[in-house]
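Structures follow.
In the two complexes below, subunit A is the common chain; its partner is subunit B in one and subunit C in the other.
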Partner chain A sequence: MAVIEPLDLDTTASLVDPGKAPKRSSRGRLIWIRLRSTPRFWIGVTVVALMIIWAIIGLWFTHWSPTDQDLINSRTGPSGSHWFGTDDIGQDIYAETVVGLRKSLAIGLIAGPLSTLLSAFVGSFAGYVGGKADSVISWFINLLLVVPAFFLLVLISPLLKDKAWVALIFFIAAFTWMVMAQVIRAQTKSLRDRDFVKAARFMGVGTFTILRRHIVPNVASLLIIDATLGVVYAIIAETSLSYFGFGIQPPQVSLGTLLADGTSAATTRPWVFLFPAGVLILLLFAVSLIGDALRDAVDPTSGATRG
Partner chain B sequence: MVNAPLLEVRNLSVDFPQNNSTVHAVRDISYVINRGEFLGIVGESGSGKSVSSMAVMGLLPSSAQVSGDILFRGESLLDMDDRKLSRLRGNEIAMIFQDPLSALTPVYTVGNQIAEGLLLHDKALSKQAAATRAVELLRIVGIPAPERRVKAFPHEFSGGMRQRVMIAIAIANNPNLIIADEPTTALDVTIQAQILEVLQKAKEITGAAVVLITHDLGVVAGNADRIAVMYAGKLVETGSVDDVFNRPHMPYTLGLLRSVPNLITAGKTRLVPLEGRPPSLDALPPGCPFEQRCPIAIDACRETEPPLLSIGSSHEAACLRAPEIAAGQLQAADVFPRPEPIPAADQAKVEGRTVLEVTDVKRYFTLTRGAVFKREIGKVKAVDGISFDIHEGEVLGLVGESGCGKSTTILEILELTSPQDGSIKIDGVDVSTLTKDQRLAKRKDIQVVFQDPMAALDPRLTIEDIVAEPLTVHNVSKADQRRRVGELLDTVGLEASMGSRYPHEFSGGQRQRIGIARALATEPKLLILDEPVSALDVSIQAGVINLLEDLKERLGLSYLFVAHDLAVVRQIADKVAVMYLGRIVESGRVADVFARPHHPYTQALMSAVPIPDPDAERSRKRILLDGDLPSPTDEISGCRFHSRCPLFKVLDPSLQQRCLTEDPQLRVIDTSSAACHHAELNTLQVT
Partner chain C sequence: MIVYLIRRFINYAILSMIATVMAYVLACLALDPKARYLGRNPRPSDEAINHILNRLGTNPDDPILSRTMHWFTQIIFHGNFGQEYNYTSVSHDMFVRSGVSLQLLLLGSFLGAFFGVALGVWGAVRQYKASDQIVTYSSYLVLATPVFVLGVLLMIVATNFNNAVGHQVIQFTGQYTPGLNGTWNILQDRVSHLFLPTLALSMFGAAEYSRYQRNAMLDVLSADYIRTARSKGRTRGAAMVRHGVRVALIPMSTYFAYSFGTLIAGSTFLEKVFSWHGMGEFALDSIIKNDINATAASIFYVSVLVLISSTLAEVLYAALDPRVRI
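Let's turn to the complex of A and B:
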């Protein structure tokens, strides 16, 4: 994400002629106007919204719960009773997928923004305060970047048991915020020298108020993009960790554990694997579309809309 | 065609198609430049000055739609093929830009870049000869030790020296026409004076005609033969400088001339503001583009756009009422009357307490190199022992060129902590004794207005939130904040209903008013104004200066007014302090210092300021300074001005010795003080 251009905060000012400025919209509106006319954005939003709704109400349409074992119909393909088929012990794949999606969505939607929040806070603080605090924080960020997060998780995962998925949220957030924090820190350093920040400081406005009022809103577009793409990272992280057995622990299900269970049968009974995999890919694809559209709308050099 | 003029522009129009509108940047302009003539084009930002001359150079972006004709010695440039055009561009027409750094290639030495131009246009020239000529050209444009400096890279040169290199490249092939677009806008006045001198010299040597684009009327008055005034993409008045400056016929020119502070008359009369701003170039009204700002507009002005009509020999103006102005029925003073000063009854009573007292403040920066093991490689004495005080209701103008330590000084004051060395007292209280809470409370009394009004306002906040920000620190209720913001906007001449808008919706002058409103929110006693008008168009400056004058009178404020423009300082300040390399070299009451400057630097600074009056300019004697400001890391023994001092040069060697060894301190001379050992011997004259 470090490739995002430093934001030109005055884009609107340079786009408009001074004489007609009052008629033009603020930068936020400009982004919205660009976003509105991007089909990718609407496709992504629609798909994500439908999937969230499905995750919430999906179990109403089936009388199977994910833990029920229909031993008579184990290892059968999709049918009127088991829409997505069943697995070795007769559990309904449809019900398991819905529940797994819930977990993946919850982890993604919480861990992504949480990581962004953390990077906004740490990055802007370090960049604004500078000096010793900044050096210490930078050192810490660099340390975290080289710590083998996966290895750590392998060590602690046996201790977590059925609370693993909550721990996983914090774990993923804790290991994905650093790069963005560095970006925010660099942006803050340049914002700190802007006159409006100096003015606020000389009025006696406190550090945290300055961060909240002046710094964070001015990097908000970066943060929104990061949070969106962070959702994707978090879901991928969760599924891959669970796939290898270090994330969500049975009997809890997530899309990752479903995939892990289904891999061995992928060739003989493909439904065990294909349905959860399809749902996962669709979700990732839709969220990426939103993130992508956001990035194009915010980065003025990428869009054809630039006047 | 031998008799054709050098350059003839006929009905030139340039349009830039946009998404759903078209920007008419230049509209149907025609002018002629004869051999050896010096034409000045003036106009405010966005009036089409640059676009019209880019069209002549064929340097417009491909999106531009050009119509009309441009004839160079009778040949049409618009029909010419690319090869011929680029040959012409190097040989016959040369261009000098505002920002020389971006016009020079960073990876080649300046010598190579000059030689390249020479070789490209004269295939017969040997490399050796080109190199020799490069040195010669650098000498002509006044680069010291040119044999050595040809091998330097552009970034090793200061802004002024780069501009000299640009001029050297421009005159390398003896062009017939030199177009200079704001060549001195980014430079300090003393350097500007040098560059203009070099430009004049280049013109003499090559016999070329010069087109100088600028927003500074003074620069035109002092250098050009003819002037063309542009407004909203149109030529609205042209003529000889004498005709136009002394007998302007277009109300815009009239207003512009009355709105600029003039170093000679500044401070004696109030400025005349020219309110409003030009119409948007993609939605022009049908009539005269100046109609909305014109105090003498009549109904007919709204219907048809007045053409450029002749008023006298080669003097033309585009105004329906120009004949009345010509006949003397409309006088400048009636069209743009001078605003009245604040009546005595409304003026705040001031007791003359000392609001700010700065004593012997120093601020050194150490330069370090290396990321892990930092080692000191030098020391910058940004502020090196300065003292001044400001009383209630008083304005102190702090002037000096960029890099002399003005900004460091005000930041030191604004921190409200004890300075590295020396002391700062606000309202008699030494800031180093303040506790955290007391310091916060003190911040009420001292507020700041920055130079660039766009950068000083957070683009994400509404005007109301911006102006209310200082109040949020001091526990003011939301309702009170809102009420106060309304009052403040009213005070600075904006409408309270504008509070919900965002900064980018305002013009430069309005934004600066918002910045001033914010600074006034806590009812401070002292405002620190850091170049408050230098980022504004000239026509807007007067309004802001008048506002500051009024506020001072009505509220009894004190200002520390930092500026590089001496005319503005003379207009608004009561006292002035001139800074050079971290020191105050002269200070006193404005009337005294400007009437009889004692320090040679003050004299040079004053004489470098262009005066928007061709007669005054012609009778002036200039004191030109040599070279640039020394590098701030240099250790200078003796007087820090001696490397450039014009008085030092004419002194007897026995007297020079003292300048070289002994650091002069401020001492009282007549009614002001100056830091020069030999001020009494100073017979240099300035006007």
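Let's turn to the complex of A and C:
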């Protein structure tokens, strides 16, 4: 495929540079090639990207702000002025949805990967070090798994009430890392006795350097999938908490509080519920499509692409 | 084998006991029982507040350790979970409410598991066909819908259905209509109330399980023993069920236990949405009311459910996989 120019030795040398050639068929590149040809991936990415752009610039298209009260047109359905209709006190559902989406997106996009980071750290450490530390950590993980994370989050939510909503991000991440940490721990245990890890250990490389350079890159594909699906879990956690009054507190708006406000009128004036719900479902569906496509690309023997 | 199961059970029991005690400590730290009285107008005197809180054993001025010890010994030696903020017995409320919750939870998770397994097997057998794609994408769609949104969406559909038919066929508030007579009427009423929350919970369960069952089934379908079963004369259906589904269920049994926690959380949302007075509602309300005893008791209830489901999963695993039994 390279253009052969026998006279110019320098270019030929760089074209067949042995250092560069194997990189082309590296694992990351292989995954990317598989991913590139999956329509699901592109649909998911496009929808999520559009949602993010919409959350940023969505308010430019309406002259209502989320706190405006258009009392003359309260309780009206979708119209030219209020695209998604209005609620009891004339607040514009479109503007509120955009602002709510911003908060839910921010929480999901930060809390999901953060929880993955935590599980990578704890899981690989426990699996690599082994012994007493490992037993203590796995016992602790099992203890946290006895009570479903949602109940723990609800239980500590009173501590959150007077804090900024950003605190919710860390609380969600702090209670959703356990299952993935167990998976990473099991993977690390099988990697620990592989030759390349042993070689590094015998050369005197420190524990955390080995984890960072040799263990974590080998479970990276798992982590990427988990971070993607973690976005879904984090957004569901946030909306569920806020819906029942334990997360984002009014007057702050998130998709969860918006849905809570809309529920009482959902059967009589469906637009107050259906528009925020539709936006939420579309976002979560798109993110799970990306996660699913990633899973197939990383492990072609699993799921939909198996021959 | 029995010894192994008993050991696992004891292990889980100790874990849930510790989790409950830690939940009590956490509740003491997070909840402020005094807040319930300080906001009143006129504000009760400090003596009155302290008297009430001392009687409940939840006075934040006492050290947490001694409160925890007191609470724990009461449970261990008297089976007494203390009193709620209005002096009703927590144990009594827990007994009545868990009956309500378990109805929904057991029916929902059983139907969810059944349809999840059925859809997963069906999807795997018909891999890549249109029906498989429809099942896969609808399960993603259901999973992308938080359970409480699913509940409200079903409510909207049911309202339209009721309007179309002309009378309330599907009920969606509460567990039953009070003051009905006649066994048949009461039964009919219960079913029409149970329908929507059960449908929501089992849809959620089925969507989740079907994805895992499909993967597990695909692993099994290409195995040699299926071909052997076919070649010794078993029909396709019999080979699938006796040799395929049974083997594919083995990894699923662990997964059932893992995901039971999400189902408990899901049924909690649905109790709130459909105004059922069960344990889920109890848990959320007692946290809002800063009721430490009731909160800790509901966490205890959840951890016992997780304990039972984990043990059942081990038993199911042993029943399906002869290798464990040795």
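In the analysis below, the second predicted complex is superposed on the first by the 262 of 307 C-alpha atoms of A that agree within 3 Å, B and C clash if a C-alpha of one lies under 4 Å from a C-alpha of the other, contacts with A are read in each partner's own complex, and residues count from 1 in each chain.
Note that a contact is a pair of C-beta atoms (placed from the backbone, for glycine too) under 8 Å apart; a residue touches a chain by one contact, two chains touch by 3 or more.
Keep in mind it's a predicted model, so treat the numbers as computed, not measured.
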Contacts of A:78 with subunit B and subunit C, given as first, second, both or neither: neither
When both partners are placed on the shared chain, which of subunit B and subunit C touches more of subunit A: C
Partner chain(s) touched by A:214 [first = subunit B, second = subunit C, both, neither]: first
Partner chain(s) touched by A:159 [first = subunit B, second = subunit C, both, neither]: second
Touched partner set for A:202, first subunit B, second subunit C, both or neither: first
Which superposed partner A:285 touches (first subunit B, second subunit C, both, neither): second
Partner chain(s) touched by A:194 [first = subunit B, second = subunit C, both, neither]: first
Contacting residues of subunit A [partner subunit C, same complex]: 142-143, 145-152, 154-159, 179, 232, 236, 239-240, 243-246, 259, 263, 266-267, 270, 273-274, 277, 280-281, 284-285, 287-289, 292, 302-304, 306
Subunit A-touching residues of subunit B, taken from the complex the two chains share: 18-19, 23, 45-46, 277-283, 414, 439-440, 443, 447-448, 450-452, 454-461, 469-470, 472-474, 501-502, 504-508, 515, 518, 522
Partner subunit B, residues of subunit A touching it in the complex: 9-10, 12-13, 16-22, 24, 26-27, 194-196, 198-200, 202-206, 209, 213-214, 217-218, 220, 307
Residue numbers on subunit C that touch subunit A, as the complex places them: 12, 15-16, 18-19, 22-23, 26-27, 29-32, 127, 136, 140-141, 143-149, 152-153, 155-156, 159, 214-215, 218, 258, 261-262, 264-265, 268-269, 272-273, 283-284, 287-288, 290, 295, 298-299, 302-303, 306-307
